[in-house]
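Both complexes below contain chain A, partnered by chain B and then by chain C.
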Partner chain A sequence: MANMMNLVQNETLKVWKKRRFAVVVLILLILIPVFVYAQMKIAQNSAEKFKGDWRSELQNRITDNTRALGSDRIPEEWKKWRRALVQQLQYYLDHDINPQSPNAVTFTRGFMDNAVTMFIPLMVLAIASDLVSGERSSGTIKMLLTRPVRRWRILLSKLVTLTLYVSFIIVATVVLCYLISGLVFGYRGWGEPVFVGFQVSGANVNTSTVHAIPQALYVLMQAGLAWFASMVVAILALMVSVLVRSTAASFVTMMAAIIAGAILTNMASSWNSAKYLFNVNLELTTYLQGTPPPIEGMTLGFSLAVLAVWAAAGLAVSFAFFTKQDILN
Partner chain B sequence: MKSTSWLWRGLGITTMVCTLLLIAGFVWALKDNWLPTSGMAVPHTSPPPAARAGNLASKAHLNIVALGDSLTVGTGDATGNGYVKTAAADLSKAMDKPVRVVNNLALNGLRADQLLKLLDDKGYRNAIVQSDIVFMTIGANDLFEIASNGSSMAQGGDITPEQLDRRLPEVQVRLKQLWAKLRGLNPVARIVYIGLYNPFYDIDKMRPASEQVQKWNTYVHELAVADGNATVVPTFDLFESDIGRYLSSDHFHPNEAGYARIAERVVQALH
Partner chain C sequence: MNGQGKSNETVLSVQGIKKKIGRKEIIKGVSFEVRAGEIFGFLGPNGSGKTTTIRMLVDLIKPTEGRILVCDQDVNRNPELALGHVGCIVENPEMYGYLTGWENLEHFARMQEGITRERITEVVEIVGMDKRIHDKVKTYSLGMRQRLGIAQALLGNPRLLILDEPTNGLDPLGIKELREFIRKLADRGMSLFISSHLLSEIQLMCDRVAIIARGEVIAVGDVDDLVSQADTYTVWQLDKPEEGRVMLASDPEVKMVGDTEHQIDESLLTGMPDAIITVMEQEHIPRRVQDFVQAGIGVRSVQRVAPSLEELFLRLTEGERIG
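Let's look at the complex of A and B:
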């Protein structure tokens, strides 16, 4: 066990010294202000139009979406999505709660909802893709494997390290998002109520299980779900990193899979069996938000099961290959 | 070596705490999804202020709500302003005070009976109670709606003046109910009803329908007079000569020039 601890320490420090995490933080520090600025412009614009009357702004959103439902040009799938959205917004309005109260926590919540499919996986890949293939391209893998340690222990230590960094990335994203957006929107909003528990079936929203929770708890649950999805991405990236020699190839492979998933979730609702792909299931936060899932019939349990199967398969392949593989130049 | 050990301790503890926190969040999310609790009590927020009584000239600023069908949406206007935005802007200039469109709640294809139901919506109520002026167009879809044969409205469909005549009484009842409900929600707002025009004036078969349109407008005018704080803005005359210049390509809705003329009328009626 002490041996394992040393291995994890070694791996963690290696990633740190390669400045992988510093790159992630740098990306966050550059991009979050960009989004904050964009959101600020939108907020200013609507403040000018609605004079701070959020009810009228919310009703306007409902009316806009209802009007769009009348258009024949909009595909049926999008209409379902809009119908569900309209019912949800109406629920907020009926209970006199502002779903977009302007503060840093609301911004963080919105950012995380959008970041879970692309942005966070991208940052996870910055660390995961390089974990094994990086050792190979630099040749240090020989040194690692000639030590009197079983190979599976080495890979396990890498997996543990990866888990720790995935958690660190997600928490850092939430914290930086809150700190930066707070400068503009104010450091408030942890206690604001949010509704969860909307059950979407087709175009109808069942509100019998809807209940309000404080935004702080929402952000925590959201981060937890994002963490699970990111862990699956990380495990698959580790597998690709074991299988592929170069870091670049491993990164591009995973990135392609994730982008394909993002595109598929937007267009593949008629291709039903796409729901068994891992990359279509990454957006776990939709179940919290209560927006319709990308493909009808998907539930939180379903998505978690699909992701778990992919992760288990990824782990099996990684360990099988890593322990048997010949290391050549 | 010392510094490395400190770094490891810091990193190890931080990342471990993060991991535990996120696992807790994940488990909580599962629990919340599968075993939902009643949740927190929702704090009560104050309702929007209701409009005050008094004539329009004496108020410091004016709130407008727009209700109704595609005409109020502004369908056919390439600039997207419709008559509502233009009239509000012009009114603000003419009266030299801020005029705000609280909400344009109009929906394409809306009928009077549907609007009657929508008035129960909280969003509609919120907007209506705080308004000093209500813009409204409703009834055209009730009257001109083509039964079920799906022929295009642009050609006048199958509608004959006789059919319009038969429908008139029923739609009049709908409007009367709607008007009463609206008045109940806001006893002080000035209701501005934009009168109907005959979009088929240039089609020989449908020109006589102007008579039914006029009957309808007269009826609304009676309602307005009985109400005492309402105006019917006539528009039929705007679409009789050179109709093509003021109708959009669907030959039913006004184009931007048509809407601008309606807006002009609205401002004249209010100021």
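Let's look at the complex of A and C:
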């Protein structure tokens, strides 16, 4: 009986030696500079448009909002939101930060928001889709499963390895984003305030719980949510990889599911029960921003629960099939 | 390793296994036993259920009925105990091409307790691969992959080594080496289970054999006993074939075999024009040769041709053709 650590070591080594993670890092190294350049162009354009003194502009906005706070005609929850806004503007002024000019941390934040639905899942699939079907198409599964180790332990070692690599991917994305964009935008911005706590109920946004948190914490929360969404994608990809013999078929199946989710999300669906599909729930970071969810009734808690149920079902199917299936060729 | 060679201890016991896939019964009842230190052949034509049976032996396929015991451990219920005694290569020796030979061995060594670095070095030496072991497996030839596969199978010092068509793709010299190697392992007390679709190969290598056809074992026994059940052909080449044929046909102790009745490999016969195929006792050959010489017929060659698997099948199944 081999212990679990050895099995995980085996699986980690195989993914590493197959250069799967190297490919992921390479893709990041090529794509991030592209987006940094695009962001730089946007910043230059807006700097030309607003040639005026940004400090006096900020001061004006603070004065306007403080005046509005004194007014009786504005409802109480709106006042909370304005108070938070004033706090944020004051922070910019105190720390001599131009809110229009991006820094490495705001870039990272924006990148993560956009990457969580397609880009990160794609990188996760590069590793997950191959994990079992790769062994089957190469025939090595015959060697792997005829060793004195129970099958569920082998699949568990693959799952642990997958968890490790998903974590590496998230960390690599954040770190590379920060390091590369910092070259252009500067490495500041961890302490900048960001608003969180928006509650969307129906057509209204409840702003009574809105407050500012440091951007560092915000990025950490984003990374956590992105990790959760990626793990669900990874587990479902592992399941497909168990069920389908070819790596290509398993990759395409999962990619189709994820793209379908993105399309459904954009259709602002009137099909209410679509919210129980895993692929429309992947955009977890939007809940932090306070933009309305794609389908009414979706909240952060709801999405997390739906994803957790899908993942649990995926695991159950994976283990049931993997431990029982006949290896016919 | 007990070092004493053969004993009566049973290492592998297959008890009435059956396998249904969908509605089709692919294996309809296979039973046999393999004893310690013997080389056991598993003979059958392609599509007879050989590979399915082997896959069941190593827990890749679960039988629908029956059980398989390795050293008294049930392969399906306690694979982690039973498979510890087994080393195997199922079909081709597929290893990870992007790892080196050494990394592959380390990989499989981690899956079983008690395999040290020294043991890995040892098996590399046994199969004679020390020079190329740190190269990537994708650069290996088929013969080298075969060796690496055997090294992997030997890692855990198994009691039973299962090799599925091990001579596939090897050149004649490689086959000879493999045969000697297999004999050496058996002499050290290891049991070997070797599948093949070639009777000659089994004859050369094995002590006992099970013959499988259409998902059923049709005979189990000593190789020599089984082979003797089929006729050995005596093939004559004479300088006056027509007269010789008449002479042979008139002898009651010689049975003539027509061109369409025999099961001799065509490739063997193309090098022998005007061959006359007969079945007769070996001790009658000298007298026949004398007769021919007296009648002025020159004998160019007399050959004994061992029966093929097909011939043996015809005997065992009373004339039913395979497949």
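The rule is simple: the second predicted complex is superposed on the first by the 274 of 329 C-alpha atoms of A that agree within 3 Å, B and C clash if a C-alpha of one lies under 4 Å from a C-alpha of the other, contacts with A are read in each partner's own complex, and residues count from 1 in each chain.
Note that contacts are C-beta pairs under 8 Å (C-beta built on N, C-alpha and C of every residue); 3 or more make two chains touch, one makes a residue touch a chain.
Computed from a predicted model, the values in this text were never measured in an experiment.
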Using the touch definition from the top, say if A:Arg150 reaches chain B (first), chain C (second), both or neither. second
Which partner chains sit in contact with A:Leu225 here, chain B, chain C, both or neither? Use first/second/both/neither. first
After the superposition on A, what does A:Lys142 contact: first (chain B), second (chain C), both or neither? second
In this superposition, which partner touches a larger number of chain A residues, chain B or chain C? B
Contacts of A:Asp96 with chain B and chain C, given as first, second, both or neither: first
Between chain B and chain C, whom does A:Gln9 touch in the aligned arrangement: first, second, both, or neither? both
Can A:Asp326 be said to touch chain B (first), chain C (second), both, or neither? second
Touched partner set for A:Lys18, first chain B, second chain C, both or neither: second
Let me check the overlay on chain A: which residues of chain A are in contact with chain B and also with chain C? 9, 13
Please give the residue numbers of chain A that touch chain C in the complex, ascending. 1-2, 6-7, 9-10, 13-14, 17-19, 138-140, 142-151, 324, 326-328
Please output the residues of chain C touching chain A within their complex, sorted ascending. 21, 55, 58-62, 79-84, 86, 88, 90-92, 94-99, 103, 107-108, 110-113, 152, 156
List of chain B residues in touch with chain A within their complex: 4, 7-8, 11-12, 14-16, 18-19, 21-30, 32-34, 36-45, 47-48, 73, 100, 102-109, 121-124, 126-127
For the chain A and chain B complex, residues of the former touching the latter: 8-9, 12-13, 16, 51, 53, 55-56, 58-60, 62-63, 66-67, 70, 90, 93-98, 163-165, 167-168, 170-171, 193, 196-197, 209, 211-214, 217, 220-225, 227-228, 287-288, 300-301, 304
